[in-house]
Amino acid sequence: MHTLGELAKIIDAKLVGDESINIAGAASLGLASSDQLSYIVSVKHKQNLLTSKAGVVILNEDLLNDCPTNALVVNDDVYLAFAKISHYFKKQTTLSDGVHSSAIVNNAKIGSNCNIGQNVIIGSNCTVSHNVIIEDDVVIGDNAYLHPNVTILQGCSIGDNVVISSGAVIGSEGFGNARDKQGCWHTIAHLGNVVIGDNVTVGANTTIDRGTLEDTQVHNGVRLDNLIHIAHNVTIGQDTAIAANTGIAGSTVLGKRCMIGGMVGIVGHLNICDDVIVNAKSTVDKDIKTPGMYTGIMPLMPHKQWQNVGLWLVKLDKIIKYLNIKLKNLKD
Amino acid sequence: MHTLGELAKIIDAKLVGDESINIAGAASLGLASSDQLSYIVSVKHKQNLLTSKAGVVILNEDLLNDCPTNALVVNDDVYLAFAKISHYFKKQTTLSDGVHSSAIVNNAKIGSNCNIGQNVIIGSNCTVSHNVIIEDDVVIGDNAYLHPNVTILQGCSIGDNVVISSGAVIGSEGFGNARDKQGCWHTIAHLGNVVIGDNVTVGANTTIDRGTLEDTQVHNGVRLDNLIHIAHNVTIGQDTAIAANTGIAGSTVLGKRCMIGGMVGIVGHLNICDDVIVNAKSTVDKDIKTPGMYTGIMPLMPHKQWQNVGLWLVKLDKIIKYLNIKLKNLKD
Amino acid sequence: MHTLGELAKIIDAKLVGDESINIAGAASLGLASSDQLSYIVSVKHKQNLLTSKAGVVILNEDLLNDCPTNALVVNDDVYLAFAKISHYFKKQTTLSDGVHSSAIVNNAKIGSNCNIGQNVIIGSNCTVSHNVIIEDDVVIGDNAYLHPNVTILQGCSIGDNVVISSGAVIGSEGFGNARDKQGCWHTIAHLGNVVIGDNVTVGANTTIDRGTLEDTQVHNGVRLDNLIHIAHNVTIGQDTAIAANTGIAGSTVLGKRCMIGGMVGIVGHLNICDDVIVNAKSTVDKDIKTPGMYTGIMPLMPHKQWQNVGLWLVKLDKIIKYLNIKLKNLKD
């Protein structure tokens, strides 16, 4: 809990409102309640500001008149101000030994050198193999199997019948950074969690980052292979399967029953509809609105051939214009 | 051990044969012996069925007449039936503390917080660094060096002079799933192991999945860099070197002395001959039958140029047809 | 310490010089001092040989006359000879339990099942979470936060205010191997370390390899996302940010304030200047000398379209030549 007065000092903001009001956390404009902070980085989101129920909003002067609640007015970049303030709402995990006395582990088989934190709840018939770390406040359903060396970080929740393979990390910090005028990065503390549904499998050394304000979501029945990266605030729809080495950037939403091949890269803030198949190694850089199979790779060639093809590839637009002009000249 | 009667009930199959016969495991049609189960998903493999020595085969009615042994006839998808039954043959690892009394570790130097399971055998002069997990029935040769945080899962075997770097996972479950009519995935329990030869190095956070029925194989002298994914049933030929971030999908066979660049994707069920070089970032989506150097990447360009090139790239076929027609018209 | 006489025997070299001279380590030609060994693989580096202050240089006969110091003359491949000899200078880590008595950990909070080696120094106000391994001679600055399951290997150094996420491996062996005439690989022992500056964050399951002779460097303010591979001898310039799944091959130097997208591959021995943006999934296969935004990916298409485009792509050079000839013929 921090008062608005304290928060204003932290980010050197002008407070428009009551400095004694207490703020307990942060959420996005549309979801924040009266004890939560939010922020607005662009006039594009003005509609969300107008109807926000947040306790306070960080903003620039130009949006102050549209703010229906308390405001922290900064001259600087709003995102940077939020980055600095986010750390004050970050819940820390404790570092006690073994299984914490407040943890409920039911009849779980627990291997050696595990650490299970405060208020963790583990359902029936689970196996927690050797060297697994489960930080505070994690909730795990029934019949989970956590292979050796799995790490589940503070506050994440996992449904029933979930299998997590060795080396997987659930709830790592998202890759969110704000840049100041000197070009230095300021880490954003990620306050959301990872929520994994029922009947999900997570492959070896796969990493799933927690959300910035809300949660990263992996819905029921999802299959994740090895060495996959799921970024902050991604949603993976029910029964979608993703092959190894694939990466999905922040805030992208995948539909249901998609099949994403290996080493596919999906950029951030996209919407992929249900029943999409993306072939291995493709890059998805725009929304997909129609179910079906998609591909985008350069075919493999003998290296010498590729060298010749490559020479023309980089000037394909110029070549085609040139050919068109030639054709036109011939016609005239 | 499960009787055919029990197995028929598990997958709701019609048993053609003796319900009291005991089945101890599973193998592919060509390798299964009289106490093993197999399955056939397509008439394409009929020749293997005709000569199979399996104790029982899961199949659809249409292949029953070609089955020389006991049959479990299902109406449903055969692969799905196998997925369900596979879990009954999965060997579980135990979860005892420290070094199991049945393990033979010779003169190995063993770090702190290691766990070494039942019947593990470790050769002479090995180093097992801190927090290494070696599950039941693993066999490791002489002079191995396992760096901290390595995980070697149940039943895998490793030759002499092998170095495994931190975070590597050997023997994770393969990514094999059968889909039911509702679009839900059913995990296949992987019953094969990983077999690593002599003089192999495995990089940090690399993952090697166990085979479905038979073993994933990494032959003598192979060099694997960091963050590589080797899927179920892959074979990597002798003295092949693979650079970081590369992924090889299921059942692909790589030849000897290949050099695979970083972040290459090799799709499943391919054959790559000996002495092939694949340049970094390429996608291998067909067999390679001729030694030599191969490439398939889009050259890097200033982003603006790429935007122009990309416009034409996606309609390259149409452009070329158009130009051909224009040329023909001019000629006529 | 090994005498020149011993070293000559190890690699079956002809020693030109005093066999009693002691050699304590190895360095590149330009940096080696009188108690260090170096090597020269190609006449291209002759200028560095002529001015080298190394105690001894491994070389082939043809460069002997240009060697200003003691020489180990081999008939074989020089790089292979160095690979064999490198292991004699490799510093081993010890394997004692818990926190070594010689380690200085100040007021660090240390979780359970950690191992902290000989001569480790950890600054003020650090958190070392559960199952973290810190090998001998590592130095960590103030305010570090090491998440569970981090591995920091022998001799690496880390600045102030650094956050390392779960599963990250700092200081794994580089992927350097020399091939003999039989096509077998010989591992090079990597004698350099990893040096990480201040205010750096390293993502989950990211791996940073140590340098061959000198150090791999991650400068102040760098941001590394999850599942990134940084190879031996790479330098990442100040305030550069790199998104997940990216790989950077050996000896490449990235400038300051670069922003590298996810799953980018950067090949080895390149120079990327300051203020470069590389979009996700691109391949960087040549130096970049001009700041700006770069891209090189195949656009995503419906699979059928891609199949048609792909047919022409692999013969783009031939098509363009054909069209040019046709045009010329028409003109004539």
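Chains: A, B and C, in written order; residue numbering restarts at 1 for each.
The definition used in the following text is that a contact is a pair of C-beta atoms (placed from the backbone, for glycine too) under 8 Å apart; a residue touches a chain by one contact, two chains touch by 3 or more.
Everything numeric in this text was worked out from a predicted model, so none of it was measured.
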| item | value |
| --- | --- |
| Set of chains whose contacts include both chain B and chain A | C |
| Type of chain A:chain C copy interface by residue overlap (half), same or different | different |
| Euclidean distance of C-alpha centroids - chain A vs chain C, Å | 29 |
| Sequence positions of chain C contacting 2 or more other chains | 113, 131, 149, 167, 205, 227, 245, 263, 297-299, 301, 313, 316, 323, 327, 330 |
| Of chain A, residues touching chain C in the complex | 93, 95-98, 113, 115, 131, 133, 135, 149, 151, 153, 167, 169, 172-173, 175, 177, 183-185, 187, 205, 207, 209, 227, 229, 231, 245, 247, 249, 263, 265, 267, 277-279, 282-286, 292-299, 301, 305, 308-309, 311-313, 316, 319, 323, 326-327, 330 |
| Residues of chain A that touch chain B when the two form their complex | 109-113, 127, 129-131, 147-149, 163, 165-167, 199, 201, 203-205, 221, 223, 225-227, 239, 241, 243-245, 256-257, 261-263, 280-281, 297-303, 306-307, 310, 313-317, 320, 323, 327, 330-331 |
